[in-house]
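Everything below concerns the one structure shown next.
As written, the chain order gives the labels A, B, C and D, with residue 1 at the start of each chain.
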Amino acid sequence: MDRLKKMFDTHPAPASGAGDTALAGVTAAVECSLVCTTCADACLSEGADMAECVRLNLDCAEICGAVARMLARPGHQDRETLDRLLAACIRACRACAEECERHAESMEHCRICAESCRRCAEACEEMEGALVA
Amino acid sequence: MDRLKKMFDTHPAPASGAGDTALAGVTAAVECSLVCTTCADACLSEGADMAECVRLNLDCAEICGAVARMLARPGHQDRETLDRLLAACIRACRACAEECERHAESMEHCRICAESCRRCAEACEEMEGALVA
Amino acid sequence: MDRLKKMFDTHPAPASGAGDTALAGVTAAVECSLVCTTCADACLSEGADMAECVRLNLDCAEICGAVARMLARPGHQDRETLDRLLAACIRACRACAEECERHAESMEHCRICAESCRRCAEACEEMEGALVA
Amino acid sequence: MDRLKKMFDTHPAPASGAGDTALAGVTAAVECSLVCTTCADACLSEGADMAECVRLNLDCAEICGAVARMLARPGHQDRETLDRLLAACIRACRACAEECERHAESMEHCRICAESCRRCAEACEEMEGALVA
């Protein structure tokens, strides 16, 4: 994501001073979005019934992707919309992490996915803090 | 969206009884998502500086799209995640509608887009109500 | 999708005269995208192993969504990019339809989904024809 | 993207041996998708008329995003669909790179974006090669 950092640095009119926090947020969100996409796919190859895990993975992938794309537009922030979207993302990440943690001992992909969800929830909380400041 | 209605009717295990409200929600959200996409594109062809409107259109398109896809998975609902995502969508729709209404007299596409955003916000509120019930 | 039609009619500078065909394309693609999303979710609730069907549904939902959003920007068309994306969509729709048809007798959601995929492939072919003209 | 690499390594049933190439493809595609999203936003803050550049950025962001998500599901590959989607992505990346290069001297964000698009086109070509092999 080196080029994305440079993009943020050269943006002609960023709306806030939250650039570094936003960059950390995009990075965590986009990783989590893809990790959840892969986890859903991996779960489909397990013999066990992983329907609930697949669904939470898909929700989380969806919302993390939306967060990443919204944070990747630093020229404007409707703070209230972003706040609410971050709140949705934090919840989706935690719900997915909890479900994945139930399978973490037997399925390494779920263990890593839970880790990625926890990291993304943290990054969203840091972003919330930066918006308040 | 006749086929989507049939899909909802034949789903083997919907998570809630909110089927018709959810279907109305998907329909309003997906229309709003595409209308906002077209409005952003139309705004780019106007001579005036429409940057703010384009940005709110893109945010709204993004979040409405996420709502539509999440509601299109009736087999499961993490109610809290959905609630928060609907709250983000309602706010994004209203912010976009307000901006579009400022241009509605001179730009017909903004007038229609504002209408679509107001309708989507309503449908999301009805969905919120159905979740509480 | 009445409002989307009005958006197309009031766009200040559409790039081509393919407006009605493009509108039919968006409509078919967005329906197929959501129908495939619901079919994947429904398949997860079936007892049988539907992993292959879920995967083809997710691919098809993804590409149909991209087609819908690209066609919803009538102000510009890089014809070659659009042509190639339509080709990918036609293939994804057919692959998904074939798999869904295998389950159509026992699962009504797969029967409807196959129908939606066939319709979307047709609409993409009509759009390809309109681009050549 | 360290966690995504681990996800690929622990997937129970990858469809092909193209894991490392696919991982490089996801990484390049997702970076390009976000860089194009930021470039569109930055272009909206420039005084000049950048409508064409914004549109090509949005197309490229869209298609690169679809490629990233499809490659992030290693459990299955409909080779023909993937091939066609990669072809669309290569074209979208090149069209966007060409437009951005026209502004590269005066706008650093366009210079970096063009670089990201060229890298993504290369990664897609490498992926095409890995599919043939």
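Note that in this section a contact is a pair of C-beta atoms (placed from the backbone, for glycine too) under 8 Å apart; a residue touches a chain by one contact, two chains touch by 3 or more.
Quantities reported herein were computed from a predicted structural model and do not represent experimental measurements.
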item	value
Selected pair, greater C-beta contact count between A-D and B-D	A-D
Furthest chain, CA centroid comparison against chain C	A
Distance between chain centroids, defined by C-alpha means - chain A, chain D (Å)	19
Gap in Å, rounded to a whole number, between the CA centres of chain D and chain B	27
Shared interface positions of chain B, touching two or more other chains	41, 44-45, 51, 55, 65, 69, 73, 75-76
Residues on chain A engaged by chain B in the complex (per definition of touch)	51-52, 55-56, 58-59, 62-63, 65-66, 69-70, 73, 75-76, 78, 80-81, 84-85, 87-88, 91-92, 95
Residue numbers on chain B that touch chain C, as the complex places them	1, 3-4, 6-8, 10-13, 26, 30-31, 34-35, 37-42, 44-46, 61, 65, 68-69, 72-76, 108-109, 112-113, 115-116
Residue ranges of chain B in contact with chain D within the complex	41, 44-45, 51, 54-55
